[in-house]
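There's a structure below that I have some questions on.
Labels A, B and C are assigned to the chains in the order they are written; within every chain, residues are numbered from 1.
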Amino acid sequence: MRHLLSAADLTRDEALLILDTAGELGKVTDRAVKKLPTLRGRTVVNLFFEDSTRTRISFEAAAKRLSADLITFSAKGSSVSKGESLKDTALTLEAMGADAVVVRHEASGAPHRLAHSGWIDCAVINAGDGTHEHPTQALLDAFTLRHHLSGGEGALDGRRVVIVGDVLHSRVARSNVLLLHALGASVTLVAPPTLMPVGVQTWPCEVSYDLDDALPGASAVMMLRVQRERMNAAYFPSTHEYSRRYGLDTRRASLLADDGIVLHPGPMNRGMEITADVADGQRSVIVEQVTNGVNVRMAVLYLILGARAEADLTEASQ
Amino acid sequence: MSVLLKGALLYGEEAVDVVIAEGRIAGLEPPGGASDGDLVVDARSLVLLPGLVDLHTHLREPGREDAETIQTGSAAAALGGFTAVHAMANTQPVADTAGVVEQVWRRGVDAGLCDVFPVGAVTVGLRGEQLAELGAMAESAARVRVFSDDGVCVNDAVLMRRALEYVKAFDGVIAQHAQEPRLTEGAQMNEGALSGVLGLRGWPSVAEEAIIARDVLLADHVDSRVHICHLSTRGSVEIVRWAKERGINVTAEVTPHHLVLTEEIARTYDPRYKVNPPLRTAADVEAVRRGLADGTIDAVATDHAPHPHEDKDCEWAAGAFGMLGLETALSVVIETMVDTGRLDWRGVADRMSVRPARIGRLDGHGRPLEVGEPANLVLVDPSARWTVDPARLASRSRNTPFVAREMHGRVVATFLAGRPTVLEGRLT
Amino acid sequence: MADAEARRGSTGPDASGRVLDADDIARVTRRIAHEILERSHGPSNVVLMGIQTRGVPLAQRIAGSIQDIEGVEVPLGSLDITMYRDDLRLRGARPLEVTDVPALGVDDRIVVLIDDVLFSGRTIRAALDALSDIGRPRAVQLAVLVDRGHRELPIRADYVGKNIPTSREQAVRVRLTEVDGVDEVAVEG
């Protein structure tokens, strides 16, 4: 793992290694001293071209707990909002000695460009790019699922996860389909046909337009945020109709398996894709997802920077 | 000035000595039969074709001289074997008046490396609202016959109909950039399974095909002629084939890149491969090759689209659409059409010279290789292999999609009205 | 202590390079258990922390011996020091193993760190850092099965199973039944 750009970069074993490592690192959170010296002297840059408070602070917490030096660049109030290009920003960061860049960008593939353009040499971690992927979100979702469904160990073989909502524009859905599939779970995507990507039938998952058909017996349901703007673009007739056909309420949540859980990557539109009583209910693990995010991101930073150290060493000895 | 080409293979067939004098082919003799000239070129094992004609070139001047000028673009054209190019109208200012097209035409004459024929805009400012003064451009010194809003589609059906009707008065043609705008808002690449995986907004085939279908029916209805720019999908080939069978006066072009590259290369997220219309699937590539072979597609046109480095050295969504084409077009055609046995050299001459010249209503280009014809000629070494080095291109821009690719065949010499513009693969 | 151990004399390695067999290992772990009890005046304040990987079964064995001798179960934990190493740049990331702190913690206890081989001292340095993030022991001691010399830090062991003089290029292989299916210590190369 030189970079983490897509959940497709991860084999089942690599994904399990990240989850296992995150599990051990999670114990640090329970200690008096919530800090490890592992990345002392390493510089991690948070490069956020798009506003995302929760992902940014999650990566910040992860880097700080590993004692890395942290630089945060966010679009607001920095040169990127003044039209400085991705390339120039990247060169600046390289000059500052960044070992890893955590990048959030509105353009799909921007992290891939950073990693492969030859502009910079450091590790690139995708913190969400356009409508492409959000691999660390998928990892924290998998971690949360595993915690509840498999006692925090092993993979997710035989489990069924239903992902509901704006799949077309969702980087979370893309990464989750790839990762959960690699971990042995079967995934069912549910959305109105207008919010399904072209070619979704080639993805390693099932596709359904009917939520009530998909939910019974599922181990988990993940509700995606639906932006109200989509209504104006004629993806669906009204928010009311969307909620009725694709929203998660108490009745629908009760269709899940007995130990079935409810996830949401946030931020939620309560009353739109999920009712408040389900969001705050017994099955909801939405708050826990946030905690697990820090552990998973610590594991990713540690494993990627460690793997790069190893690669550099191999190179030096050749 | 007289020139003697010794032992050239006429259309890749029999070897002849070609005598060029006073801008025309003065003699075609058996090898060894001709006397000396001011310039003697050893043309043994080189293929002689009529000078290539490009229906679709962006020379960027006036307005974007940082990307290309008429001078540098003409040089690239000559090196690519072209003796005539059609300069697209989407310059700044737009070539929508007699004044602008005459300026472009004159600058082409001044450069003197190939004949530059300006394309006139169909609508004022390419805005799709009001017809530009098509008649004035037709009657100007530039003698415009091809009109196009290329870069944007003439989407309004009534406006398209009127344009098709109006150009009948001077035997003009509307070259349509077929792209339904609402279906392609924010589009980044071909729409399909891959765009879904990469999270890039799709540009569906139907957005091209729907416009082509409408426009061939309009052309039929008003009995005018329409030309389809950079046709890129299997469905488009089928529609054009159907229209031609019906006797509709439609012609079509395909770009070199759509003959050889597929959407798969978008996986790199490198905007060098971002182009409009987008690279399509392998099935589409096969269909356009077949369409070009059977004549459904009339011409190869480069859609040479220079962009400064910074417009390509960025993330995909921020990148500009377009690729260089002039200096690599013939090699791509040799690789995909000649070396595969789909076209012989007469076929290449037909698709890259004869038919584009006829579509553009050019008199002195795309003529047969016969005594008395204008000496607009290109000599090609079909067995040469070369590698594209962007730094060595004559174009002012570097955005070729063929970096480091081994190219098939190369232009050895180009003659414009009997005068060499390129010799031994270099500008004279 | 190290001198005393050296005087006990050592038989040289046999043909396969083996310097301790199963019986030897059983004897020295029992001895270390005795020494720990002697020095700490009984088991009441002692916490054993095995350093992953092979320090953990060694700690279990020592705890077993103490139970045999005193009839008391001493608190037993494990320590994974991967995240505290100073050589991430040299050795890369590796999977983490379990760190398990006994329920009553380590504060004001005598913590005996237990590892298989003492070499440069860097592992122990990392273990001390890890331990200090967990709590504040009254004292920390170190027990190792083998001390092979070549220290790079001012660290020494309180309890040594066996001193084995080696060259830097040699490798000391400790194999334990719980991990490797066999009990032996060998010098290779």
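Details
Heads up, the rule we're going with is that contacts are C-beta pairs under 8 Å (C-beta built on N, C-alpha and C of every residue); 3 or more make two chains touch, one makes a residue touch a chain.
What you are looking at is a predicted structure, and each value in this text was computed from that prediction instead of being measured.
Distances from each chain's CA mean to the overall CA mean are smallest for chain A. With respect to subunit A, maximal separation of chain centres occurs for B (centres as means of Cα atoms).
Subunit A and subunit B have centres, each the mean of its CA atoms, that are 45 Å apart. Each chain gets a centre from the mean of its Cα atoms; for subunit A and subunit C, those two points are 41 Å apart. Averaging C-alpha coordinates per chain places the centre of subunit B 77 Å away from that of subunit C.
Residues 188, 191-202, 204, 268-270, 310, 313-318 of subunit B are the ones that touch subunit A when the two sit in their complex. The touching residues of subunit C, when paired with subunit A in their complex, are 80, 83-85, 88-99, 129, 133-135.
Those residues of subunit A that touch subunit B in the complex are listed here as 85-87, 105-110, 112-113, 116-117, 129-133, 171, 174, 197-200, 202-203. The touching residues of subunit A, counted against subunit C in their complex, run 17, 20-21, 24-25, 27, 31-33, 35-39, 66, 302-307, 309-313.
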